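Which chain is which? They are A, B, C and D, in the order written, and residues in each are numbered from 1.
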Amino acid sequence: MEETSLKDQDQKKLKPYALSEIAHLKVHGRTTGDLAPLTLFWTGSGIELNAKGSELWIEVEADYDQYESWITVLINSAAVSRQMLTKGRYWVCLFRGMNPDRVKNVRVVKDVQAMNGDPGCSLRIHAVKFDGTFAPVEDKPVKIEFIGDSITSGEGAVGARTEEDWIPMWFSAVDNYTYMTAEALNAEYRVISQSGWGVLTSWDNNPRNVIPAYYEQVCGLLTGARNEALGAFRKHEFASWQPDAVVVNLGTNDAGAFNNPAWGDPVTGEAHKQRLNEDGTYNEEDLRAFERAVESFLGKLRKNNKHAHIVWVYGMLGLPLMPSIYRAVDAYIRATGDRRVSVFQLPDTTDETVGARTHPGKRAHAKAAEALSGYLGGILKG
Amino acid sequence: MEETSLKDQDQKKLKPYALSEIAHLKVHGRTTGDLAPLTLFWTGSGIELNAKGSELWIEVEADYDQYESWITVLINSAAVSRQMLTKGRYWVCLFRGMNPDRVKNVRVVKDVQAMNGDPGCSLRIHAVKFDGTFAPVEDKPVKIEFIGDSITSGEGAVGARTEEDWIPMWFSAVDNYTYMTAEALNAEYRVISQSGWGVLTSWDNNPRNVIPAYYEQVCGLLTGARNEALGAFRKHEFASWQPDAVVVNLGTNDAGAFNNPAWGDPVTGEAHKQRLNEDGTYNEEDLRAFERAVESFLGKLRKNNKHAHIVWVYGMLGLPLMPSIYRAVDAYIRATGDRRVSVFQLPDTTDETVGARTHPGKRAHAKAAEALSGYLGGILKG
Amino acid sequence: MEETSLKDQDQKKLKPYALSEIAHLKVHGRTTGDLAPLTLFWTGSGIELNAKGSELWIEVEADYDQYESWITVLINSAAVSRQMLTKGRYWVCLFRGMNPDRVKNVRVVKDVQAMNGDPGCSLRIHAVKFDGTFAPVEDKPVKIEFIGDSITSGEGAVGARTEEDWIPMWFSAVDNYTYMTAEALNAEYRVISQSGWGVLTSWDNNPRNVIPAYYEQVCGLLTGARNEALGAFRKHEFASWQPDAVVVNLGTNDAGAFNNPAWGDPVTGEAHKQRLNEDGTYNEEDLRAFERAVESFLGKLRKNNKHAHIVWVYGMLGLPLMPSIYRAVDAYIRATGDRRVSVFQLPDTTDETVGARTHPGKRAHAKAAEALSGYLGGILKG
Amino acid sequence: MEETSLKDQDQKKLKPYALSEIAHLKVHGRTTGDLAPLTLFWTGSGIELNAKGSELWIEVEADYDQYESWITVLINSAAVSRQMLTKGRYWVCLFRGMNPDRVKNVRVVKDVQAMNGDPGCSLRIHAVKFDGTFAPVEDKPVKIEFIGDSITSGEGAVGARTEEDWIPMWFSAVDNYTYMTAEALNAEYRVISQSGWGVLTSWDNNPRNVIPAYYEQVCGLLTGARNEALGAFRKHEFASWQPDAVVVNLGTNDAGAFNNPAWGDPVTGEAHKQRLNEDGTYNEEDLRAFERAVESFLGKLRKNNKHAHIVWVYGMLGLPLMPSIYRAVDAYIRATGDRRVSVFQLPDTTDETVGARTHPGKRAHAKAAEALSGYLGGILKG
């Protein structure tokens, strides 16, 4: 954890490797492709190694103005540690004292979403130190991309039910339906997500805080010069990773917008508001705008993911926009003839399954993953 | 995590406190009583604070020749992080960015047992840095002491089933029947435990590696000059903490000794061996020796824990010595008239509940805690 | 069970009552209102009594050409017996030997659907014999009507997974999401259901075997002169029982029709077939016909159930028509402005939850009831 | 159900068989061996057939002064019906309308214990009517005998928690740890049990109401001339059925006796009472008497079951006599050298698992069966 510790007698045998030197490195998540260093933007992103040796460290560089990063380490698919990464560039030990003759599968997973709200937030991996050799990491037979909001970011999957602070500590990539669904289907997966964001607007009616606007960049929803320098705003090379399924879990914040005040553009002064009728129902025109945004996003998804089955999922925090989602998907199919798009309702969060911040807890994620992996499994076999 | 990080703008407001300065510090586990620093010897030991403020760090000092320490951090009773403590003296952030006006209950728990096999292993807490104020930690209505071996040390409660290495990473104080039982009964608890050790001998027939021999010291089973300096070998002040129940989970290694080779004393050359009969049953004389050791330990427990109900529990990894345990407890009661002693069988570990290293997994610990808390609850009410 | 048994010494004290003599009789299910005798047509129908006495019998009259009736008896909400009712008019003992001073809540529930395929099938209750007094049965605060097919009839909820025979033995009204949902919501409920039937056609493309065609009769889907005489074809008096929610679980057989041969009308020679496109997708025109049938049925439901929330549920055996159901409900709402209609997806049956005849087993019904009662509970509170 | 029903057109093809005519009849439970008729004495006893045909009836003859019999019918191991057998000799239909070409495994199980308290209680099976052929019933690889009290009789496994009447309706042979354990181990099993009875005395201190006194008769605890005529008091032929395991679940009523008034012999006037000490603990001398009774019963069990492993189980309703049971088993082993005897604690009944009459409910039985089948499975493999 400190430079001094690497000077120890024991560590003499540890050999440093730049990530680019490791033939069998597996990178998870949407990145720039750069390895010197590797910047991890999205929740669920990380590295995977099959490591035959007794001791392994990684060198991380973490920064933030407000929201720190967290990682979970999995050894042979078991989560063994989860820790906050405070500021600085330093070494983190992943394991030590293990049988040097056995291969360990090691994954380091970023547990926190890309942080639109903190231009200073970044997490980079520079190098590893190891006393052994690396073996190939086999490719999984299925690839899934998940796109979503706080639910998909795992907000509230960690922490007591009483928690109300909006802080990275309550986010989890692993106690998360995305990870659990991928495990159930033996799939590699990526996550594109941002708390509070939607398809047409964010929870607070801001039409700029929407996933579709940034979908084609590596991690375009980030902000600040640092992230620009790290390549977050580059165009994403979709050809490099084509998923078999794209799961979109958006709409929860678009629904919330109807019940929140208008958002005023600080520059133009223009306001935006998804309106309620006097009887409390949703304004039809605004619903249509949402539906057009869904249709349009489906077009963008198909353009970039040629062979994927696209599943729009919804329901972990209620169902108010489900009719609109069905209408929009229907309209998209009718307009395009593209039949590899469907809608799937996920189980609602209950008093028994809720987590922190009135978000889905670990058990709600597990129930969602059980339902979704059954549904996706049927489609992917079919 | 590094000194530099404490120089940040944000951290200017953090004020350092020596542990001894904190009026409302709650220390868990058997310690020397010293706070400058506080040395944590046993698994499950740690500190607890009710902290009203936004950001809290602790300064740890960790050392080892072979086996590193791990900690779990609980915020409002939810486990939020678990991490390896590599060598050095440094600051660990427990939380940051939280609502400064709310009180957070924070516990830092040592996840790894006292390490008899590593004289260099130690974990100290020197100080905290905080931007708020501390509130009192209420005393729990019940106190329980757990005494045991690898099962009670939580060996294998973390990690994949395939794991075979004997390393600290697989130990957990929290995914552990001790913690779970205490939570279910709203009890404060302490743990005295060592993997491989027993009542009469250890798993390998060593009559010195037995818990009773060290029970009256703070942490007498540790070794080395460092630990001596830290006070591990001092006489424990039993009057300072009198439990309502003492749960002894020993016998599993005493049973194993019958099936393992003799232990030879490297100094005297004397050998010791718990013998099997030719038909594979246990030698009667050696069983009696085990039973006398149980009886004797009960006497020592009673001497030091005047009002506690003592429960000998057994069965999480099989039942071979249960008749002997009943005989020994029976003999003890008969000899002393002390009726506040009983035996309780815990549920066996199954294919569904096993963890790493063929030890009880998290689910086996949960089942044991469910049974034990039901039993203890009845006694403690009675 | 035989007349002789009623001549016993013990039974001297039993006093016979025609059903119409019992002030506090509660009848469940849609019936003609006649009590001399009471004919039970639908699954889940039956009688309920609060009986203060030691022994209670009912006189049943059962008949059939092919499919016999079954009943379940619940005492204080616990299922205590389930039995086949073979032909004849005879007495069935519900309980005996009980404390004469305590009130027992007793329900006799018909476990088998109305049998369109057996004109000779009927079940009547003539009388009770009792040695005590009857107390009032309190009305439940909520009323729910369930409309469906084999799933709602509980086909396969009883029996081994290997069973393939189509016989009444595998049907259950109690191991059924209808009963379970009603229990969870403390609701009185009724069931209108028929295996194999749909909205536009039955599983085999027969446009006459559809629930909407018979919805306004007491039990119009029955056949034969006997059932006519029993009043099955009379117009149902909707005013007599207005539900708070109507749950429609239809569409599964309409989907099946696309994959089955055409049905030929034996009289006119006309054929009917829901068609597949060459690529295996559903023919658009035929989908529209299904959707119009759904719309039309919603209109009929609303006409007869003025204040009910109508929920179309679907998914316990797959989701192929869900987009059509959403379209139809959407079109209905648009056309009528009636907003108290919604769609809710139920959890799919899995290898773990399947029952006999590849239908939902008891666990699939329990999962459906858990999801549905959560959803309905929200609506009924709102 | 009535003779008339057997005159139907459909039933013309049904052919009556005396039980003795059926080559492949399997009889479960301890009986006299007579088949004309077959008298079922014990809970869990019954008949099993592999029946290839469409319709099957049995002719029963049931009688009682007070406590009626109940049966459960299992088709292909699924419980499909459970019914009270009121007085008389009549036919009960087990199934009808099934595929005549498939073999159905059919079991009729007596759901109620032998009734010491009702000399008039009996249940006989005279004949079957069937339209097909019988196939052999394969022998199971393991045989288990269960001996116990109300717990083993399944008292309270059926019925609401509020029930307090002592009536047959609340007894179940199938929602019972005996049946569940046998199923888990693929074992044939028999049950010898009586509510309220013990080893030394019954719950009310009666030294005559003890299982050991009647163990060597077919069903010696019954009373009355009718049962004598049916052969209940004959010496049981142990050679005809030698179990691999004998599970004794006795002691719960022996413990209760300490807290109940003395029993006075109505003939001799002698009183018997298991005494409490002034401090509420058990009188030592009376404990010894219980232990001698256990020892003595073990001797009787071994005499009659030469190769069985004998397991004394205890704990489903508390553990107060466990030390005595261990002492007694220990003494027995010491005195005889017979090592195939052990003790196993069963999980206690909790608020979540309790059934009617404050006895173990279905879930308590399931938990006991899970633990016991794990333990027995280990022994039977070993």
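Structure notes:
Keep in mind that, in the parts below, contacts are C-beta pairs under 8 Å (C-beta built on N, C-alpha and C of every residue); 3 or more make two chains touch, one makes a residue touch a chain.
Computed from a prediction, not measured in an experiment: that's the story for all the values here.
Farthest chain from chain A, judged by C-alpha centroids: D. The distance from the centre of chain B to the centre of chain D, with each centre set as the mean of the Cα atoms, comes to 45 Å.
Chain centres here are Cα averages; for chain B and chain C they lie 58 Å apart. With centres set at the average Cα position, the gap from chain A to chain B is 37 Å.
Chain contacts here close into one cycle, and each chain has exactly two touching partners.
By the document's touch criterion, interfaces exist between A-B, A-C, B-D, C-D. Interface residues of chain D, counted against chain C in their complex, comprise 1-2, 4-5, 8, 66-68, 70, 75-78, 80-88, 90, 93, 95-99, 102, 158-160, 162-165, 167-169, 356. Chain B contributes residues 281, 315, 319, 322-323, 326-327, 329-330, 339, 342-345, 347-348, 350, 371, 374-375 to its touches with chain D in the complex.
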